[in-house]
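In what follows, chain A forms one complex with chain B and a second complex with chain C.
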Partner chain A sequence: MRLWVLILAAIILSFISLFIGAIDIKPADLLDWDSQQAQIFLISRVPRLLAIILAGAGMSIAGLIMQSLSRNKFVSPTTAGTLDAAKLGILISILLFSQAAYMQKIIFSFVFAFAGTILFMQILDRIKFKDPVFVPLIGIMYGNILSSITTFFAYEGDLIQNINTWLMGSFMLIISGRYELLYVSVPAIILAYLYANKFTVAGMGEDFAKNLGLSYKAVLNLGLILVAIISTTVVLTVGVIPYLGLIVPNIVSIYMGDNLRKTIPHTIVLGVVFLLICDIIGRVVVYPYEIPVNVTVAVIGSLLFLIMLFRGRAYAK
Partner chain B sequence: MRSNIVKLIVLAIIGIICILLYGFYDIKGGFDYAFPRRMMRVGAMVVTGFAIAYSTVVFQTITHNRILTPSIMGIDSMYEVVQTLIFFFAGSSSIWVVNQYLNFTTALAAMILFALLLYRTIFRADKYPIYLLLLMGMIIGTFLGSSVSFLQVLIDPVEYLSLQNLLFASFTRIKVELLFIASIILLISFILGYKLLHQLDVASLGRENAINLGVNYDRLVMQVLVLSSVLIATSTALVGPITFFGLIVANLSYHFFATYRHSVLILGAGLFSVIALVGGQFLVEHVFEFNTTLSVIINFVGGIYFIYLLLKESRAAG
Partner chain C sequence: MIEIKGLTKKYGNKPVVSDVSLTIRPHAITSFIGPNGAGKSTLLSMVSRLIDADTGEVLLDNKNVKSWKSSELAKRVSILKQSNFLNVRLTVRELVSFGRYPYSKGRLTPEDEQYVEKAIEYMNLKEIEDKYLDQLSGGQRQRAFIAMVIAQDTDYILLDEPLNNLDMKHSVQIMKILRQLVDELGKTVVIVLHDINFASVYSDYIVALKNGKVVKNGPTDEIINSEALREIYDMNIPVQEQNGCRICVYFNSHT
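Take a look at the complex of A and B:
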């Protein structure tokens, strides 16, 4: 698949995304900047599109970074507890400061996402038995344990409803002023591109990386910090979007191979296209209501993942 | 063998103590009100405990492993899928919902089919290693679960309320009207299943050996799958899905009674279930006074235990 085909698809889907919604907006309405339609377009539709693009690109890149660092195709924010740790962080910031400010939530969520992923990577190092399927299995369970801790404290603090709003990933509530945190992932993505080759080398293992003159610990930490930043910003603004970081890099890797410099642009655009499709489906099926995007992503994502598992055992190695 | 009988008796006594504690602890004033209600819950927990214990142990015997359980493979999610589909296509006032027996039988039929399909496609062939099966099971569970939520959003809100009423069961919201039917189903299954126990003892030697020793293996597998689907359907309808519970009690039983006899293993796992459920509920409600449901704690403990088992297995394999 050529990159320009993907980009063309992304542009067409973006255009569709801009003009779907409860209020009918036609391109002609935008000529009159003071009209109600134009206002809605600027306050709701454009921010929504930008949020989808940023979240889709960010989560896919986060998955790609994790997969090259761990050299395992099935490691991603969903299958390594990163997203669950970020949720736990938000919950603890709410429990500690009864009216947690936005900044406190960001810091806690980031620290937990980072520490949680590091802890998982440590567990991975201890495991001698590196079956490619074994790792995500442990990761999913690890996420479930973190998540049950979150549920436990949420019950104690009467916050179940509150956490359920971030359990649900959705672009419904995105309007201008509520998504700008996502721009933080732009420098993260650029850094990921610049360091792509180093991530690959670091994935070869500590000894190998050191032999090539790479500061292994620094590169590993940088990669995980980028993953934690992206995950935190997405969980805080949109909610949890599962499977994206798992599916998209794998699809790209199937048709493009594993040269990160080449695959990063494809991963970004495919992530955007995938998320746009899911969001559009969710908005069209029960129009004028909406199905939260995480549900659509989970249905399509888990199905694709299953197909990959059934046919791709040789490929995963 | 005799030491195992002693162990079973000790477990049974602990179980009875748990039940008495749960029944009588801090029961001020409204004895007539509280006691029957507590006993109803105890009844449901006993039925669920034995149902899960039986289905997990026999499932693990015919699949030759000690990590996979029916609920990890997503068989109990099938119950929710069928109920949601019924509401989606037929609606809450259709005969499929109004007639409780028809409703239950439909769900049951689908679960049995799903269990057979799983067995035929991925277990029987022996081509997938155990970790892949586990991961597939989990992802199948996620897929079914998220498809259910997808359909539930599409259902008319009024219909959805009655669907939720049907699906939303837990240890604190046990469906008492189902308890009677569930106990009868459990009793019949155990009487029918009793005859299978000796065959299962032989089946744990592996398919070829069992056939050599005169067991009609394929028929046995069929009977066991049907029977455990019935029990899973019953317990899911009664208290909702509890993913890791079967895993914990079955493995406790394997370690505690070093035997291959299914009568002992199943009884032991059942008693462990009763102790864990009733004792756990007692601790949650009266000692710690948590707001949390028992399932959250079971999932936490079960999750850690599951990772421990996986790591142990992986050391053996690597």
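Take a look at the complex of A and C:
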């Protein structure tokens, strides 16, 4: 697949995404800058599109980094407890400070996402049985344990509804002023690209990396920090989007290999395309209402994940 | 020059390598041999700073390898471990290019490209340079890894059982290439070998380990004889000369 084909697809889908929704807006309406349509376009449609692009690119890159560093094709923010840990962090910030400020939520969510992912990497180091299919199962169990802790304390603190908004990934509530945190993931993605060679070398394993003179631990930590930053910004603005970081990097890996400097641009654009398609489907099937994007992503994503599991056992090893 | 001084490594209370001292002679192939669990791989890993020694030190040009900057050391010493388990989808050329990482951090200069090109030609990989590693046979993959090490252009090349899982033809091929690296390019090769006959035919020096200690250390001729081998392996191993090679016939030996 050529990069420009993907970019073209992303542009067309972006255009479609801007002009569907409960209120009918035509490109011609935008000529009148003061019309209600133009206002809606600026306050709701454009932010929504930007949020989709940033979240799609971010989650795909986060998944790519995790797969490279863990040397397992099935590790991603969804299958390593990262997103669940971020959620737990948000809950604890709410419990500790009854009126948690946005900044406190961000910090707690980041610290938990980072620590939770490191803990999972430690568990991975320790288990002897390393069937590539087995690893994400452990990760999902681990994520569910974190999630159940979150649910327990949320129940005790009467916060179930509050926490459920983080659980459900959706672009429905994205309006201008409520998504800007996502821009934090832009420098994270740029850093990921600048460090692409280091991540590829680290992905060849600790011995290999040391042979080439790479400070393995430092690269590992940097990678996990980037993953935690991206996951935090996405969970706090959009909510949990499952499978994205799992499916997209794997598709790119199948047709382009694992040289991150080459694959990162494709991973970014394919992530955007995938999420745009899922969001558009969610907005069209029950029009004028909509299905949250995490549902469409989960349906399409889990299907693709299953195909990968059955077809790709040999490839993943 | 690499000097090993009093290296000891314990796992729990059990010493795997205890108080090993030796000097690696330059421009030669030195083979580490010995029974299972003798500490050969552990010793090699300590020499190449992959694992830390409990006590003792490894000196490269009279300077402890731990005090070398790791990117500088990577230009002098390379190590290849059981690389067949690598599950990264890279093409042969990409892999070999990463051999230049210590020099260019992945942004290849024209000079780097030359090294890569030469390494690929040296290992006869030109035809398959755009294939992914997971599409190759075991022997081709091993050659690709050695090409990477050649591109890394280090004086010292350390290899941990590079013949594992290779058939006879490929094993001979790899050993001949290592011989060329020493004879033509003046490299120093240190290799852990399981098959004593490969050690006998291809190496200049042999270091025999047993229970973590050096039991024999010297030119190949002095080690490949029945008395020395009995001491190393606790086996009666007749040695026969064939086409100028000394072959150990251990297959039906009485212990």
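Assume the second predicted complex is superposed on the first by the 317 of 317 C-alpha atoms of A that agree within 3 Å, B and C clash if a C-alpha of one lies under 4 Å from a C-alpha of the other, contacts with A are read in each partner's own complex, and residues count from 1 in each chain.
In the analysis below, contacts are C-beta pairs under 8 Å (C-beta built on N, C-alpha and C of every residue); 3 or more make two chains touch, one makes a residue touch a chain.
What you see is a predicted model; the values in this text were computed from it and never measured.
Enquirer: Put the two structures on top of each other at chain A: do chain B and chain C fit, or clash?
Expert: fit
Enquirer: Considering only touches as defined above, state whether A:Ile7 meets chain B (first), chain C (second), both or neither.
Expert: The answer is neither, since A:Ile7 touches no partner chain.
Enquirer: Given the superposition on chain A, which partner contacts more residues in chain A: chain B or chain C?
Expert: Chain A has more residues touched by B than by the other partner.
Enquirer: Using the superposition on chain A described above, determine whether A:Ser215 touches chain B (first), chain C (second), both, or neither.
Expert: Touch status of A:Ser215: second partner only.
Enquirer: Once chain A of both complexes is superposed, is A:Leu306 in touch with chain B (first), chain C (second), both, or neither?
Expert: first
Enquirer: Applying the touch criterion given at the start, work out whether A:Ile138 contacts chain B, chain C, both or neither, answering first, second, both or neither.
Expert: first
Enquirer: Name the contact category of A:Leu95: first (chain B only), second (chain C only), both, or neither.
Expert: neither
Enquirer: Once superposed, minimum distance in angstrom between C-alpha atoms of chain B and those of chain C?
Expert: 15
Enquirer: If we count contacts the way the header does, which residues on chain A are in touch with chain B in the complex?
Expert: Per the stated touch rule, the residues are 127-131, 133-134, 136-138, 140-142, 144-145, 148-149, 151-152, 155-156, 158, 285-286, 289, 291-292, 295-296, 298-299, 302-303, 305-306, 309-310, 313.
Enquirer: If you look only at chain B, which of its residues touch chain A in the complex?
Expert: Result: residues 129, 131-132, 134-136, 138-140, 142-143, 145-147, 149-150, 153-154, 290-293, 296-297, 299-300, 303-304, 306-307, 310-311, 314-315, 317-318 of chain B touch chain A.
Enquirer: Using the touch definition up top, name the residues of chain C that touch chain A in the complex.
Expert: Those in contact with chain A are residues 48-50, 69-75, 78-81, 83, 86-91, 94, 98-99, 101-102, 105-107, 132, 134, 152.
Enquirer: Please name which positions on chain A make contact with chain C in the complex.
Expert: 71, 196-198, 200-201, 203-205, 207-208, 210-215, 253, 257-259, 261, 315-317
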